[in-house]
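Okay, here's the structure, questions in a sec.
Order of writing sets the chain letters: A, B and C. Residues in each chain are counted from 1.
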Amino acid sequence: MTQHSTGTSITFDQATKTYLGAAAPALDALDLEVEAGELVCLVGPSGGGKTTALQLVNRLVDLTSGDIRIGDRSITDQSAIELRRTIGYAIQQSGLFPHYTVADNIATVPAILGWEKKRIRARTAELLELVGLSPVDTWLPRYPAQLSGGQQQRVGIARALAADPPVMLMDEPFGALDPITRVAVQDEFLAIHRAVGKTTLFVTHDIDEAIKMADRIAILKPGGKLAQFGTPAEVLSNPADDFVGEFLGAERGLKRLALTTVGEVVSDSHDRAGAEAETADARTTTAGWPDVEATMTLREALSVVSAARAEGAIVHAGDSRLGEVSLRDLIAPPAAGEDREGVRA
Amino acid sequence: MDVIFGAFPFMIENVGLLLAKTGDHLIISLIPLLAAIVIGVPVGVWLGHIHRGEFLAVSVTNIGRALPSLALIAILIGFVGIGMLNAMIALFLLAFPPILSYAFQSVDSIDRDLTRAARGMGMSPVQVLLKVELPLGLPMIIAGIRTSAVLTVSSATIATIAGSGGLGDVILNQVAYGMEGVVAGAIWVAVLAILVDQAFALLLRVAAPAGVKRLQVANAV
Amino acid sequence: MSDFAPLGDPVIPDYGQVSDCVINNGVFCGDWFISQWATVFWPPLLSHIVMVAIAVSIGFVIAFFAGLLAYRKKWLAGPIGMAATFLYTLPPLALFQLLVPFTGLSLLTVEIALVCFTLVIIFQAVLVGLSGVPDDVRRAATGMGLDRNQLLVKVELPLALPSIISGVRIATVLTVSIATIAAFVVDDGLGSPIIKAVSSPFNTQFVGAGALAVLLAFALDGLLVLLGRVLTPWTKARS
């Protein structure tokens, strides 16, 4: 692997956009600091200005007032064209060029930057491996029309990463995929994100996707105002206002359970269960409990338990039994998901 | 340049001649056009309704476009001889392909979801045709007729070599009418073609169902 | 018989070695066609091809840049389209004759008129092709940092090619057909043997020249289809 540039922070400083002829701003004085290497999801209803916020960064839309900085440098310090070549950009429907092969698509920006052919070839192959399209030789000569939606989206991500930009902008990149493909591509992208550490702004209208992907979530409300900015756990535990509460929906409590895995709560119950293990009472209690994997989220485990009409579940990690979780452990975990790193580990 | 200006006095002096020739011209253009409509529209619409015969429609269009009107008229001299009948057969053969293929496409290209919805509501095939396909396809059918009408008025000028009369007699007879006459005839027939074209453009606007703006399709050549 | 008096040489064809078919004026006498190929058919066929090639090439260049202009400056699309449509509506024979006072009975007259008829078709094809480039592709390209010219050359024009090529195909076929009418102005092209045979009237000469015009149209069309396949390999690619 080549050396990846580490990410750079993105700072929105009173960023405002009012479209020509519009009475109200689409994005109203947004202050937002995306730290280097962080993945921030912009969510909100349509009309919230989330796509506007994204397109302000690579100047597909021009600021009305305020500023946006990448690292220490204002985006207005360089030409829009040069700026865009240093920012990865992936969009819904992939935006792949239908007349370019996969190889040519990925090579677009390196080619206009004047990279040597050898370097471009090596980079293209490396990226295809990274997004899980291997063996690369079978994919390079294909045209987008010969790929499935998920494969196109993977190539779109590879293309956005091609020139090793410190910053990635993603505009509902998985919006057009079917649910199963979508989960797979989300997982792959998270793995890539952890591996390459690009600062990523990710627009989605799907709050579940945001909860799954984001280090922090920025919720925009109609009128282009920032309603709340925080980790998924913070947002789910303490919605800033009624709008956020309503946007998160009635299942907010359940969504929060998706931030913690069974493995994280099982040790507690295991200790307690160990202390009472000798009593016959405990053994009969766990009879008929379903098996769950330690990597499952509490939300998934709860679903399994509910389907089995049981009071808890037996937790496994591969072949070894870790212990049990009771229904109570599942629905009221201690400080669920406060530690994002723990969740991801 | 003088010739161009000379054409206008010629028109005034020979208005009777030009009107008579225009009458012939319209007869040899419009009768074949009507025949092509009477045959081409029902056949095209029916083929479009059953979504069959795309190959036929496309082939007829391609051959029709490639067929030089002059060659057609000349060849027909060998078969039917000199006269109006020759010209009318030739112009029918020229007018038919666009009318058929536009009529076919007008119905064939209608969103299948619409006709499926219509059938799902319990319409019979005839009702689907009359209530959905024809109203939506009408602008395109008229566009096909418009193309053919301009083509027949245009080509009728050449039919004069088969002795059919019409404005071509003036345009191609410099010996009798002088260059002023030739230019006058050319201007006259050009205006006639534009008027015919605009008349159909107007009809097109009137015929488009309210709320349906398929005119951009219809305006395609 | 019409008052029409054709240009050029006397109209009696050279009957050559007289066969039964020629004496009876059959629909198509193959022997006569072959024996007269070098004098009656080949030279007009060649000049016909040259006439069409010049007209389509010039028409393409004009219409292509007009299309680009109309694409960049949207307000120009209406007026340019209307002007081109107006020219297209004129009967070919009328346009030829209207040009004669200015440019004479010359090849120039013919080419000007033929170019006029190609314009609207190629212009619209270019405009439709460019406008048909998917928005997400254009946005992705811009977002990646392609400038306006790179966007046009690398993305928009290639994607408009299928439409442009089909426009050139239609324009070529039409020009082959209309170019026969040029024989009323110059003694050139496949219309020339047709007109010369009108007053005889000798069938093989009509049918032979007419059939050659149709075959030429299909042959050029086929060549353009092949060219299109070579230029747009991605259109064949389906999973």
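Please note the rule applied: a residue touches a chain if its C-beta (ideal position, glycine included) is under 8 Å from a C-beta of that chain, and two chains touch if they have at least 3 such contacts.
Fair warning: this is a prediction, and the values are worked out from it, not measured in the lab.
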item: Closest chain to the centre of mass proxy, which here is the mean CA position; value: C
item: Centroid-based (C-alpha) most distant chain relative to chain C; value: A
item: Interchain centroid distance [CA atoms averaged], chain A/chain C, Å; value: 56
item: Separation of mean Cα positions, chain B and chain A [Å, integer]; value: 60
item: Intercentroid distance (Cα basis), chain C paired with chain B, Å; value: 20
item: Per-residue overlap in chain B, given as positions that touch at least 2 other chains; value: none
item: Junction residues of chain C, two or more chains touched; value: none
item: Interfacial residue positions of chain B with respect to chain C in the complex; value: 1, 3-4, 62-63, 65-72, 74-75, 77-79, 82, 150, 153-155, 157-158, 160-164, 168-169, 171-176, 179, 182-183, 185-187, 189-190, 193-194, 197, 220-221
item: Residues of chain C defined as touching chain B within the complex; value: 1-5, 25, 27, 85-86, 88-95, 97-98, 100-102, 120-121, 124, 128, 170, 173-174, 176-178, 180-181, 183-184, 190-191, 194-195, 197-198, 201, 203, 206-207, 209-211, 213-214, 217-218, 221
item: Residue numbers on chain C that touch chain A, as the complex places them; value: 134, 136-137, 139-147, 150, 154-155, 158-159, 161, 232-234, 237-239
item: Residues of chain A touching chain C in the complex; value: 55, 58, 60, 81-87, 89, 91-100, 108-109, 112, 142-143, 145-148, 156, 159-160, 169
